[in-house]
């Protein structure tokens, strides 16, 4: 069975500085995969490289199609949606417009239906439909960013540190939603997180990224059993 | 490949002395050669433009902000000279310091509100200044002679110079005036840049918050620099008025096109380099002469020369294109490009700071 | 009262022109964060193009329309091939390039059409001395009403474009967060190019209005207007289209009032001073303008 996302030898950086030194990872259909790593490991660079927003070399295959040379909008059309670090909300637009922007690449007639659906899943967004997105709380903006990404009906969701700056209870709600979507709809998620515990709670497999290279990978349960990793990343 | 020279070492000093000698020879050689009044005039014009561009360079180097309004200061200097000479019988030489002072004050006055504006907005305000200057001149016609302007500005070479009176002497004397003010400007800018204040300003100009936190009095420094920049432009304007023998609001150098011209020269020569404005003025002048004479050149194919006949503004179009191309190819101008090439041949290694007491034992 | 109304009506027309050029400035600023110094000169060249098309036989209004389209395409090219690549190098370089465009376009008009004096431009509105509407004793000239209507139509069309179309949403998204826009599949480059094209097209109409009111096209006709348009955009807020319209109209009326009631102090030549004062006042008191978004600067 072809992998949904198959990354091999991915190199990327900013100008003369190379941040990713050839990483390999994969996400199968219906999986939640988490990438752990400390600050500066290159996690956001990796996400940007996969979504095509920075220049990259190597191989990034989506369901067998090579996308490493494609533009970001082509990759969105191929079914990948990114929830960027820091939310990346269109702060001057209304909540509703933010969601509609998420559906930008779609030409089908079900956008309205999807809007209703996500307002149902995230009722707080529905209440603030016509409000300026910049006025929402951090947690609400995170939900907005996720919903915006979901509006493009992706097969793979890239989530970059969704828990950053959010209150624990909000984070739990968010992760529960993601886990639910994965379980009920088979949405595949590639998750980058510093909050290792919570992330590993909803994931099947994990990778460890350290200064631009993958140093460990495997099923979540196995990694939990590894003492070194537990101490370094899970804190106990 | 590059040869490394330690700054302050004997070979470095030898190289610099050699360079200074060459420059002095080039600058002073008109004294030894017989140049016609028009040739002196050319050099004077180049020196005037160089000084105007240099005044802009000072501003950008210290505040990182662009002014497209220095034509107003240029014009203020010119009119100060004109009014003092024509209406009050001053000898032009003494008007130079007065013009510099007047422009300094005006520059400081503009600089004070300018401090509160980010680069873009400052550019706009200076645009306004350039726009308004000719209108103000026309309005206060009692003082400035309105649209007709003030004419009859001549400066006979003073007796102590040993130059003959009449056109030849005047032309040579004006060249010396222009050269003198240019050298003054160069020395001023160079010393400012290399001073403690200068280096700290240049280092933090992109981050005024950091500068303020570091204790540099950003506001005062910027305002004074604005004033000095205006003074230099004013001095250039004085010589310009003498060259033109008149000051009228019609002259393009007093309008926004003049302000843009100074900017073009600075950019072409290379912003951020001390010699840039001089190189830029030379390049500008030669290209201008070349394009003006181009339509009549015999070696030009007939169809091209027919096309060019009667079409104005070729020189300006060439410069506009040059400006845009330069932004693609050499954002740091001719001198910047030359420096990059030179670095492949010669690198001057900065003199290391004196070792800390602890290091001596290492 | 009659005098007041007269100044009001005249100022309204001048203000409409300021608004049209200011709209162009704001559209580009919102889209790319750059101030297009060449906006006025682009409008001037477009007016020359319209004049040329009319000379070639097109009816006056059709000439304006075709000139707008020409301007649209040309500006897209300028953005794509000049502004964007230079923008990758440094913002300073873009400002300089923009000034270069200003210089070049100003020089291009006389060069391309071999003209050194103003050329007669056929009026787009009835402009005989008797073409006016009398209101409260003042004459509201039909051509001035016409310019105001054109502004209304264009402003309305822009509103519909930005608020009701998919592409308008893309433009607003790019203006709000250019880094996130590619994440939802928006082609930022396309949006930038179209922003420039749109601004040029609107500017072309503005230039045609100026030429029509003056009765001629002249290479230096847009200098003071561009500057006033910038003051209008500053007043209204650089990222607000409503601000551009409001700022333009207000500035036009205010300027005309000042010049009319104080002809000795200000008069026609020094109208520019009004703009300068407005800019300074706004920047010192409320830099984001009346309708612009306030941005908190984080250190």
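Letters are used for the chains, namely A, B and C, taken in the order the chains are written, and counting of residues starts over at 1 for each.
Here is the rule we go by: a contact is a pair of C-beta atoms (placed from the backbone, for glycine too) under 8 Å apart; a residue touches a chain by one contact, two chains touch by 3 or more.
Just so you know, these numbers come straight off a predicted model, no measurement behind them.
Student: Which of the chain pairs holds the record for C-beta pairs in contact?
Tutor: Counting C-beta pairs in contact for each chain pair, the top pair is B-C.
Student: What is the chain whose Cα centre is as far as it gets from that of chain C?
Tutor: A
Student: Which chain wins if you rank chains by how close their C-alpha centre is to the centre of all protein C-alpha atoms?
Tutor: Chain closest to the assembly's C-alpha mean: C.
Student: Just curious, how far off is chain B from chain A if you go by their C-alpha centres, in Å?
Tutor: 55
Student: Could you grab the centroid distance between chain A and chain C? Build each centroid from C-alpha atoms only and quote it in angstrom.
Tutor: Chain centres of chain A and chain C, defined by C-alpha means, are spaced 43 Å apart.
Student: When the centre of a chain is set as the mean of its C-alpha atoms, what distance in Å lies between chain B and chain C?
Tutor: The separation of the two C-alpha centroids amounts to 33 Å.
Student: Of all residues in chain A, which are in touch with two or more distinct other chains?
Tutor: There are none in chain A.
Student: Which parts of chain B, given as residue numbers and ranges, touch two or more other chains?
Tutor: In chain B, no residue touches two or more other chains.
Student: Which residues of chain C are in contact with two or more other chains?
Tutor: In chain C, no residue touches at least two other chains, as defined above.
Student: In their shared complex, at which residues does chain A touch chain C?
Tutor: 51-53, 71-73, 76-77, 81-82, 84, 88-93, 97, 100-102, 104-105, 148-149, 152
Student: Within the complex, which stretch of chain C touches chain A?
Tutor: Spelled out, the residues of chain C in touch with chain A are 166, 169-170, 172-173, 175-177, 179-180, 182-187, 293.
Student: What residues on chain C touch chain B, complex-wise?
Tutor: Touch list, chain C to chain B: 35, 82, 85-86, 89-90, 92-97, 99-108, 110-111, 114, 116, 223-224, 227, 230, 234, 267, 269-270, 272-273, 275-276, 279-280, 283-284, 287, 299.
Student: In the complex formed with chain C, which residues of chain B make contact?
Tutor: Those residues of chain B that touch chain C are 66, 68, 113, 116-117, 119-121, 123-125, 127-129, 131-132, 135-136, 138-139, 209, 256-257, 260, 263-264, 267, 310-314, 316-317, 319-321, 323-324, 327-328, 331.
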